[in-house]
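This is the structure, below, for whatever I ask next.
Letters are used for the chains, namely A, B and C, taken in the order the chains are written, and counting of residues starts over at 1 for each.
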Amino acid sequence: MAYPPAARSSPPRQPSVKVILASADVQRVVDRIAHQILEKTQGAAETVLLGIPTRGAPLARRLASRISTFEDVAVPVGVLDITLYRDDLRRHATRAIGPTELPPGGIDGRRVILVDDVLFSGRTVRAALDALNDVGRPASVQLAVLVDRGHRELPIRADYVGKNIPTSLAESVKVTLAETDGTDEVKLYGGTTS
Amino acid sequence: MIRHLLSGADLDADTATEILDTAAEMATVAGREIKKLPALRGRTVVNLFYEDSTRTRISFEAAAKRLSADVINFSAKGSSVTKGESLKDTALTLQAMGADAVVVRHPASGAPHRLANWVDGSVVNAGDGTHEHPTQALLDAYTMRARLGRLAGLSVAVVGDVLHSRVARSNVLLLSTLGAKVTLVGPPTLIPVDIAAALAPGTDVSYDLDSVLPNVDVVMMLRVQRERMNDSYFPSAREYARRYGLDGPRMRRLPEHAIVMHPGPMNRGMEITPEVADSPRSTIVEQVTNGVSVRMAVLYLLLGGNNR
Amino acid sequence: MTAYLITSVSVVGAAPTDLLIRDGVVAEVGPGLSAPDATVIDGTGLVALPGLVDLHTHLREPGREDAETVESGSRAAALGGYTAVCAMANTSPVADTAGVVEQVWRLGREAGLADVQPIGAVTVGLAGERLAELGAMADSAARVRIFSDDGHCVADPKLMRRALEYVKAFDGIIAQHAEEPRLTEGAQMHEGEVSTRLGLIGWPAVAEEAIIARDVLLAEHVGSRLHVCHVSTAGSVEVLRHAKARGVRVTAEVTPHHLLLTDEVVSGRSELASPALANNWSPAGAYDPVFKVNPPLRTAADVAALRAALADGVLDVIATDHAPHAVEDKECEWAYARPGMLGLETALSIALDVLGPQWDLIAERMSRAPARIAGLAGHGVDPAPGVPANLTLIDPAARRTIEPAELASRSRNTPYARMTLPGRIVATFLRGEPTVLDGKAVK
């Protein structure tokens, strides 16, 4: 049984920041996911990439671009905004909704790969599955994420994971991308260090 | 986000633009097989209508239902309203029923402002007396932006019975906020005093429709009730139509790209001829469609989050 | 009868002195008075004025006793420093017969809190069609001298002319509610920038000014006295100034609310003629019918003109137009609300804000002039040995924040809710008997 902590006289703890993936790492990870998609989908046939805003959208475009570089196939890319399907709308001030842009061929009968930056509780993906349900009927749905940090609250797993990062709930993972933030980087913000 | 939408003056440029942008996304739902979003599941929207206005009521009803809200229609007819229950008592009843939003149409100017004092939920003004109709102005702005690609710098003529028009007041406020230039046109008897000072300093007034038409991007015709001539606002419907009605020859004085709008319901032959109403310049049907998207956006932005 | 010795009190702003009230009259005035049998009131810092006289009060009885009664209204009057009020005729039934005016007069006597002087209707049922029995009301126990259709204008010029002429027989006076009815059909507030913004039908200033212009010409033509109720516009002031310069026998009143509030308060903005009072105060919201009144609140320019005219004498009187309304007639939509606001318990404070401590001018505008116009003997006379002891004591240094629920009126429709006003009535005496002591009604 632990004693209650004694009054501390040390200075307040500083939050720690750790770079998990630097810019070149992010590129490599995206390349790897692109290869895996090609491998698992027999050359990305009948496949549509749908990015979940904000950072899933540029990731999806990058994956499509890498896929076409590697195999010379044009994978349709779209954006799926899931704001209106979130289960925590009432807990925050009203969220602005983003665009949903389906590729011209639609998603019916296709293999849809949802793309997001971080997989955490799984609630975003749950919302995306609901949103998908309202815009069409894909043949199958897969999930690609840049980072999986664990702590799932729903029975959801990713088909393509760039990097598994074991985290504590006190920590947070922040992905930045050149398109949205100026640089490619994945950082882990610690709870605190002593 | 704002809590109520009572007046066009409640909206600054950022908020108005956010509503229009949200409406554009909501519009895509109308093209889907499943025209429904879950965002307002479990929320209750009351349509409290003290005036008959089927088109506005069903537009709000469709908007609320597409967002999965529960909708209660409470109209003055066949309800306790006709038995003389006060607005305040009605408000307390709606409050007790857990209304998250009250969409109110009322013949008395300012009734939505009063209602907002008595309910915890959001109040949306769906037209109050001769005051305002802010969602109409939003759908008009949406329609202009969709057709002409922008609002800033547009020149808009609002023609007719401005004095009694809630549509005109809301449009002057909103369009000015969004950078458009409004010219109010009508007989001097139907232009309210000090309108520019009252609403938006840049607003112009003209009594001569023909001189205004060649320089506008949008001409918005207001409904003019024939009964106004009994109160000497103008001598006759015929004279009104001749001076301020929009007919084919007048429409051809407009620039090539200009559009013709009308909030409906139209008095064909009074303020607008069938030739104009049914022309490709006319956006009258689009306005109705856009009304649902804009009202979805308003309801979502007021009710979608925790804005208390 | 108890005697009262008020010590070190400033009588109408003069140097402090003592004032002895005995047997219903002011017995002595002078420094160092002593009266062992008298109840002593320390008047240090207080100002004694002749009891205030209101030319324009709605007491609502008979007919709307839920909003006010003669008794509750008289109590509000006493608490406001008034010793006499003129009760308007728009009751139900209308005070257009000797019977009704005598009933109101008798109710006032029974209440015993202020002299209630009934005003008789000019026309039967206030309908503006034929003259009421003005002579019978004049000859009744109520001795009616002021006649008014207030709430309605005597719009028919022929009827107005006849009324002005007819009352000369008994030194009567017509108090006109100046409002050309055809120009104010459906009107909800002052016609101007704010009515345009709020989408409320306008009540144009010209509707008042046109009637005043017509009436001063009629009064001049027939050589009669005319009193103009609740003047509200700068244009009306100019018409009155012109008429007075010509020697027309016209007097005019202005209400406290038209001296302070502007039409902008209807839109929820705290725009008052007095920046000091606007501090820390704002309306409860737009379209609050507590600000609905007839004539309507006007612009800041009108308020400024009314204040100047009150100071220079074009406006003779501050009259309250105290108009109590039941809660349900105010807690509703603006258009459906009844016009009118409470005034008796706050009028002196507003006058103090408008005129400052010009006690002689306040006494003139709120007591002497209205008593003269109404012909009320014993009222409007400065405290001096031998005059009836109708007077009020004011603490000009006090400040009070108005809470509607604390008012003596049965109604709550004060426009000054939550406003902090200068001055407080400490005591009021009616013929030597206190109606208010220590700021509280005696009965």
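The criterion applied here is as follows: a contact is a pair of C-beta atoms (placed from the backbone, for glycine too) under 8 Å apart; a residue touches a chain by one contact, two chains touch by 3 or more.
All values reported here derive from a predicted model rather than from experimental measurement.
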{"item": "Closest chain to global C-alpha mean, per-chain Cα centroids", "value": "B"}
{"item": "Most distant chain from chain A by Cα centroid", "value": "C"}
{"item": "Geometric centre distance via CA averages, chain B-chain A, whole Å", "value": "41"}
{"item": "Gap in Å, rounded to a whole number, between the CA centres of chain C and chain A", "value": "74"}
{"item": "Separation of chain B from chain C, taking each centre as the mean of its C-alpha atoms, in whole Å", "value": "44"}
{"item": "Residue ranges of chain B in contact with chain A within the complex", "value": "1, 18, 21-22, 25, 28, 32, 34, 36-39, 67, 300-307"}
{"item": "Touching residues (chain side chain C, partner chain B) in the complex", "value": "188, 191-202, 284-287, 328, 331-336"}
{"item": "Complex interface listing, chain A residues touching chain B", "value": "81, 83-85, 89-100, 130, 133-135"}
{"item": "In the complex, chain B residues that touch chain C", "value": "86-88, 106-111, 113-114, 116-117, 128-132, 166, 169, 192-195, 197-199"}
